[in-house]
Structures are given as C-alpha cells and as structure tokens.
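Chains here go by letter, A, B, C and D, matching the order in which they are written, and residues are numbered from 1 within each.
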Amino acid sequence: MSLQTVLPGLQLKNPIMPASGCFGFGREFSDLYDLSQLGAIIIKAATKEARYGNQTPRVAETAAGMLNAIGLQNPGVNAIIDNELPFLANYDVPIVANVAGSTVEEYVEVTRAFTRTSNIQAMELNISCPNVKEGGIQFGTEPSLAKEVTRRVKEVSHVPVYVKLSPNVSNIVAMAKAVEAGGADGLTMINTVTGMQMNAAARKPLLANKTGGLSGPAIKPIAIRMIYEVRQHVGLPIIGMGGIVSAEDVLEFLLAGANAVAVGTANFHNPFVCPDIINQLPTVLEKYGFASVEDAVGKGHENANTYLPRT
Amino acid sequence: MINKLDLTVVTRQSIARDTVELTLHGFKDINQIKPGQFIHINVGSESNHMLRRPISIADVDQTTGTIVIIFKIIGAGTDLLSKVSVGERLDVLIPCGTGYPIDQISVNHALVIGGGIGVPPLYYLAKQLVARGVRVTSIIGFQTKDAVFYESNFAQLGDCYVVTDDGSYGHKGYVTSIIDKYSIDYFDYFFSCGPTGMLRAVSNQLQDHNGFISIEQRMGCGIGACYACVVPTNDDTNGFKKICKDGPVFRANEVVI
Amino acid sequence: MSLQTVLPGLQLKNPIMPASGCFGFGREFSDLYDLSQLGAIIIKAATKEARYGNQTPRVAETAAGMLNAIGLQNPGVNAIIDNELPFLANYDVPIVANVAGSTVEEYVEVTRAFTRTSNIQAMELNISCPNVKEGGIQFGTEPSLAKEVTRRVKEVSHVPVYVKLSPNVSNIVAMAKAVEAGGADGLTMINTVTGMQMNAAARKPLLANKTGGLSGPAIKPIAIRMIYEVRQHVGLPIIGMGGIVSAEDVLEFLLAGANAVAVGTANFHNPFVCPDIINQLPTVLEKYGFASVEDAVGKGHENANTYLPRT
Amino acid sequence: MINKLDLTVVTRQSIARDTVELTLHGFKDINQIKPGQFIHINVGSESNHMLRRPISIADVDQTTGTIVIIFKIIGAGTDLLSKVSVGERLDVLIPCGTGYPIDQISVNHALVIGGGIGVPPLYYLAKQLVARGVRVTSIIGFQTKDAVFYESNFAQLGDCYVVTDDGSYGHKGYVTSIIDKYSIDYFDYFFSCGPTGMLRAVSNQLQDHNGFISIEQRMGCGIGACYACVVPTNDDTNGFKKICKDGPVFRANEVVI
C-alpha cells in the first residue's frame, strides 16, 4: 500500500513526522531507530540567538496530556545550521525547520539565515510567539499580524513555508485565510492550547512560567475540529497534529482533511511511536477500505476544499 | 545506548512507609549500568499517564541478572506503580542518564550522603566503591522512623549514620549536622543525592571538597530531546545541562541548584 | 470546617453545584440522593419555546472527556417554571436558571418569563449560543455582543445574573471585562471547547451535528488558566468549572480564583460525584492547610483581584 | 430505583467470537429486574473512559442471586470489560431503563426476534414469558457461524430458528426471511431487539401485529438527565422519548427509528 504523499517541498515516503520540540534535532532518537524511516522531521524551534528559555519546572502531566513551557530554548539558527543539520543530512529524510521570533524582523532574519543551507526542505513558521513590539499580542491570534509575518518571511525564504496555527483563537478559519493571503505554501495545525495547573502544596501555578501549552490526546478533538473547519474553506495543504498516538488517530486526521501529520507528545510516552505508527498505518487504512494515504485525505467531508498538488 | 524493554517484576516488597522495592528482570546488559543512572518507567496509558516516571537504579545483581528500584508513593504515578504484581511487566527506558564517574576518579575514602528517596542510587554506588577497595562512610537521612530503609545494607559496607528530622530514629537533625558532630573530613570525595535543600546545604558545607551530587527535575522525554529538565551551569558561559542526559549526576557546583 | 460561601443571590452551604445540562432538572438525581446536600443546582438551559435539539448521536467519548451536541433541548421556559421548579422547591438548595437564546430578544424574553417565579435565586446567561441575527456569530466570542446581551438581560432580571464564558476565544479577559461592563453580577466559566471526532467506518464526523462541546478532565488545564487570567483582571465572583472530578480538583479551582465550582461531565461517570466531593472537601482543604473554603479562594495568586462579598 | 453498586464477577466465559458472558453477583433486589432493562457499567477511570457502557441484562438467576450479561467486543470499552477477572468488582448502575411490559399485556404466543448483540435481553424475556405460560418462538440472527450464541438456551424455551447473514450456520439470510418462509403469523405479540436496520425491517413487515422493539443509542448519563439518547415519537405531538429511561423498549412504531 502506498503511504507516499507529496507536499510543497516535501516528498514524503509516509505521512508521519515528529512534531517540533518533541524530537530535538533527532540525535537522541537516532540512537533508537533509523531516522530514514520517517516521512520527515520537524526540528526544534530556531531563533536568531541562542535562548535559554523558561525556568523549571517546565512540564506537568495533565489528564490525557501534558503542559509544557520550554520557552523556545535553542542554540540559535547559526548553531543549528552548523552543528545540527549536517548530522541530519546523513539520513534520507526531509527536514522542516521551525522558525520563531519576537518581532517580524527576527522571523525574517532567521529565515534569511536558513537560506545558506540546503539541508532543509521546508520551513514551519511558529506564529504562537508573543510579539514584543506589539505589547505581547501573539502573531498567531491576530490575523493581520499573521499575514504580515507570513508575507515578509515568504519574501526571503528559499523553501516552501508552512505556517503553524495556534488553536487559541475565536476563529481559526480567519487565521488560515490570513496566512493564505500572506502567501503561505501550507498549514501545520495545531500548536498547543494555553493551559495551567496549580500546585496545591506550593499554592502557586506548577510551571515556573505559570501557563504552558497543553498537548496530547486531550486536545485531539480540538485539532480535528479546526482542521475540518479550515479544510472546508481553504485549499492549502495541511500537516495535522494534536494528540496523535496511533495509526487510527492518523486516519482521523486524514479524514478531517490533513494531508500528513506530526506526532509530538506521544514520543515521550513511547519513543518508538513514529515507526510503530508507520508500520500499523497500512493495516488501519486497509481495514477502513482505503487504498492509500492520499485516498483517505478529506474523506470525512461531504464537500470540502482539497489541496491539489502541483505536479 | 538506551533500550526500551519490558522488564518482569520478580519481587515486590514494602520496605518502609509508602516505600516500595521492586526487583526487575530482563535487561541483558546490566553490567553497562553505572551507579546514579535511572530508568524511565511507563506507568499507564497515554490517557492515564502521558509522562514516564524517572526512578534511580538502586542495585544491580549480576548473578541473577536483576536490577532493584526503590520508590516512595508520592502521587498517582508511583501509586499505580506500587500496585504491580510479581510476574507483571513494566515498560522502561534503560539505562538513562550519566552516573557517578567512579572509574574516572581516584578515591580512597568516600563519604556518601543521601536523603529520603535520594538514598536508593547511593546504595549501588557504595557497593561499587567498596568493590573497588574504597572505604565508604554513609550518612542517610529520613523524615521519621517509619521512613527509614536500607540501614543494614549500608552498614554492611562501612560506617553508617542514620538521621531523622524528628529524631524518632538514629540521630536527630540533618545529614549536615552529622558531618559537624563527628568532624567527618577524612574523605577525599563526597557523593550526595536528595532533596534540593539538602544538596545545597551539603554543597555549601563541603565546598572545599571534591564531590558529586545527583539532582531531580520534572522530565518529559528522559532522553535529552525535549529540554524539559535543563539546569544552568555555574560558570560564565550561559550554558546549561540536561539532567536526564548530562546528569542526573554533576560535579558539586557544576550546575546552579 | 466551614464550606460556606456567599455569592450574589446564593447562600451556599458548600461551593459544589452540578453544572447546567449535566443534571437535567434534578429529578433523576433526587432518586439517588438528597438534593439539599448540594451547594446549589444549575438547571438545564431554558429557551423561549420548547426545543428538540440536534439529531443523534449527540455524545462521543474522547480521551479524558467527551463531546456533546445536545442542542439546548428543553421544554421551554414556561414549562420549566410550571413543571420543574416547583419540584426543586421541595429541597433546601438555591437554584440557578440557565438562560439561552438565538437573539438578544429571546434572552430578554426568557429572563422576563423567569421573573414570575421566586423559585430561582440567580441566572446563568449561556452566551455560547450562535446569534442567528448576526449570521451565527456566537454572543460568547464577540465582546460587544456579550456586553449588549448582558446589559439587556440585567435590565429585566429580578435575580443576580452570572454570565457563562465560552473558552473558544482569543482573549478571555476581554470577554470578562465586556460582560462586567454590561453589568454582570458574576461569571461562570468555562463552557465547553468546540471539538470533533471522526467516525472512520462511516467516513464522517461521529456526532450528527458534526461539532460538539468538549468537556471533562481534558479541558481542566484550559479552565484553570482562564480563571486565573480573569481573576488577575476582574473582581467579579467566579463559579469555576471544566473537568472537575475530585475535591483536589475543586481546590485547584479555588486557588486559581474561583469562589465556587460546578461539576458537569463527572456526574455521568459517577452520579454521586457531587456529594462525594462535598464529603471529601474538608479533608483536602485541611491537608493543604486551609481553614475554610473562603480561605483558599485566590491563594494561587501572588497578586490578584478578589471578589469581596457585599455583606 | 436505580442503584450504584459494585457487583462481583462470578464467572467469565467466551461464548462466541469476540463475545463474552459475565455472571455478576451483589444486587439484592434482582426480582425487581424487568426483561429488557440494562446496566450502565463503569469500564475505567474518568481519564480512560468518561462514559459508562450500557449492556442489557441477559438473564437473572433468583436462586444464586446473580445476573448475566453478554457483550461483544467492539471497541476500547468492551475490550477492557472483557478482561475483568473472576472475583473483580464492576461499578454499575442497576437496573436502568424500562423493559418489556409483559405483565401489562395479555399474550399467548410470542415471537421473539433478535439480531447480534440484540439477542441477550430477549433471553431473559423469553424465559419470563415461558414462566407465564406463553408459547415462545424465537428467531435469532448473527453475521456468521462463529458469532452464534445461546441457540440451545432459546431452543429449550420453544421453536428456535437461527439465521446467519452468510449462511455459514442455520438459515441463510435475514430474520425477516424466516417469517416469510415459515409463514409465521400465528403469534399475538412480537418482541425484537437488534441493529436499527433489522428493527426497521421487522417493524415494517409486522406492522399489522402488536409488538415491542428495543433500541440503542450512544448514552451519557444513562438515567434520563442529559438528553443524549432521545428519539422522536411517531405522532404529531413533536414529542420525544429518552431511550435510557422511557426505553430502551418501545411499542413498535411508537418512536421514529
């Protein structure tokens, strides 16, 4: 059975890729299995300079999920290009760089920095960061800001740009349309849902950062709903994510309209989750009567926009 | 290299209040294990417990091919773990982290200082030191009498002082008071594991000595990929270490605690 | 230990009440235990006329939660006043009516209808309904609409009005401030998070209504975060809800700034969950060093607005 | 009145492919149970399984004080339920719903028609009818040979026809084909439970007869409080019924299926 699928910049052997921030730069997982099995790898966020991130504790367990407030810790875009990407180039797997920043200028600079490497095949624009210039409003919750940062990044990027949508919005379709208007080549969705846990003994929020991003199966219904809604109105390819732990979950995302998927938090529960899902996917597709991955995409809709690859 | 394995529970025993000891079988390369390393245990489904629980390796038995872990029931995960039956299998990542570098240092007399659930990893450490001909003095601290465990195990390896916060058993006070009281300064390395407050007090008091400490933090992946468990280094480089991979053992004063 | 707490219109023996829609009008649960044990009861939504609601299936199980799309089925406000409230008046427990509508006028008419009964002590304005006149925009996601409907309802209401906030918004604080400006006496939060589940065999969304509201422990971190954020900026009393299953959960809500709580979905898992929590609450409060319910409220904050009852 | 009880699993048996029979003990007032009622079972914690699972009461044994349930493993909840051990306890709401009103009607010869997992409640119904001197003819349909269960139980109570969709056992075809083939029209009431498609076909074919059907729907509370399980009534009142409380048994054509 064919698991292949072609998205802008990405020739995927299969639609499964680890999500940004849950797989580092692949080194640790490369000790566990051959990374060339993966459809692609989305690496940890890159900012202009190295960032230490938030204070610890940075993670908390929640019902069917977890909260994280890592705070974009990363060695900076240049160190990533020099020290991490060459290692990943040893594997036969497309790499998606995750780009973050606090100002439009930072996004643009990180994107420009990446143009000097041929070791990435696409970029994922993480617009869930607060915009320091706009007083901390998130790029990802204000359509006009999202459109603007997409447009500016597209001007300098040498690879297709996927914009990663935040679920913390009243109207996800408006956000998708805004980044489409900004020239996005694709969407990835969803990022984490902002949440909090209290530490009753300490009488304060458990995470040092107070709030954190909720991920895992708890948010899967939110992700499916948002992908379904966006697919009704927007024709861009979608890489879906949010709570995937099994091949059945992947099928649910494909039916909702995702063209491929990313697996985040589940890597912590089972570090082999990505190859496990890749192995089980053909059986699950067959069980439900699908002949290939592409055959299942969007089939949960009566009428919907479809992404038609430009081949 | 870290392995994901199903280990079989061989024995299960309550050894102190809310404290359970499990013997686990099924990891072939147990001679690879360094004292101070831990296993990262799956305690339930993704719905029940998304995150694994890190628990130190407390002992390794080369003859039976088993390892021992000792943990305290403090929340839902350790509670579930305490209910495994003999014969059941536990999904673990093993061995995780970087242990005490006992083969890279030259030591004659070691002072081992443990507090509460920081005591377990020090037992395998002490055994390994003794096996290398090192003299071991240990100070192990607990909250109260009911919580004390492994006193005789440590006593078999050398001098062992037990302290309890409330004085209900052994000496009353903190592990640091023993060091003062008995003027323990004849060791060349100290090795400590326990609550952060204790590690700070020990590191302060013994700042003129060489030593190693083992620290805890809430973890995500447990293998170095997610940056959940970082700790800043104690120098001017703005650097950091990952407790799950570079640690949990660090040189005293190597990281900010 | 005192579990008492006083909120506008509500003298609560304890801070525990069943949430709207999860307890009907109390009849079924009255067969199981004495309703007078409860802090209060929030009854099922009332609309002007009887409504049948959505097609079935109306519920689906999700990881640590469920989706529902009941669709405000209810016998209409007059039938509720005549057939349901007199039964509840047999118990020594304050009743909160949940008011819904498709237009501002419907909200006002339902509110006005309730003025003829003295069997309710407060109202909860369910502003998560789509406004048919405004083309289906939810009252609960648009601050100006929320303010307007609050103001209009307050004009006619004979009891204090709590406005129930929807979590499906970019900025929950803006919503809370808007309804405060509209004259709300209190807030209840959160309503369900919009979600979806796919039925792989049928190749369509599982719920007949396609989307449904996500509730249960899965959404607890979202509820805690929103209550915490609102408590930082708004001084209105808050009845917190979203995923409560235990007395520990209740404490988490109190620390985040809720003055009382409602328990919804957990009633399906354990129909005795409310009395169970009421029994366990003193032990849990004591364990964490609190002398009463009111002693715990807002204690998870360093600085926050507090609601000071006007006594 | 509905009770929330922990029932003890007395026996556990696989009686057909993916089909498990449990005997449960601990409900004192089993003589209250009406055929067609169900129990609402907690299959896991709120994190694993927020919603209970409705399963019909398939039999009641007054002498041992036990009830029997029979269920098919179709998803995660029934899978978990199939793994209970003898001696374990199940948290259930019992008895739920309104059963077949056999004491309110006068019946001499009953036709009982069941399909798949709709068969179980009809067994206790048939037993109760026979106990009242009613002659019972039953038609029970399954997908395939491996799925057939309780044939001999029904045969002991009267004529029993077994059909399978694929003809691998008994008659090939649908339950409705048996009614035609053997011109079964000498009954005064029919009682049916099974998939909606089957119930529709049966109700259509037997529209000139008095009868009762039992229907399924996804449930929330299971006690009538949440409006998850409603079904419109088949009249001009715009009315509706709650399957968990007013049903699952309805007069044929009382509700829209």
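One rule holds for everything that comes next: contacts are C-beta pairs under 8 Å (C-beta built on N, C-alpha and C of every residue); 3 or more make two chains touch, one makes a residue touch a chain.
All values derive from a computational prediction rather than experimental measurement.
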Touching both chain A and chain D (chains): B, C
Result of counting contacting C-beta pairs for B-C and C-D, higher pair: C-D
Distance-maximising chain from chain D - centres being C-alpha averages: B
Chain A and chain B, separation of their C-alpha mean positions in angstrom: 36
Chain A and chain C, separation of their C-alpha mean positions in angstrom: 34
Centroid distance [mean C-alpha coordinates] between chain C and chain B, Å: 47
Residues of chain C touching at least two other chains: 62-65, 216-217
Numbers and ranges of chain D residues touching at least 2 other chains: 46-48
Arrangement of touching chains [line / ring / star / complete / other]: complete
Touch list for chain A against partner chain B, complex: 21-24, 27-29, 31-32, 44, 50, 52-53, 56-66, 68, 70, 73, 216-217, 245, 265-272
Residue numbers on chain A that touch chain C, as the complex places them: 62-65, 67, 141-142, 168-171, 193-198, 200-201, 203-205, 210-212, 214, 216-222, 224-225, 228, 243, 248, 251-252, 255-256, 288, 299-302
Chain C-touching residues of chain B, taken from the complex the two chains share: 46-47
Contact footprint of chain D on chain A as seen in their complex: 63-64
List of chain D residues in touch with chain C within their complex: 1-2, 4, 42, 46-52, 77, 93, 217-232, 238, 240, 245
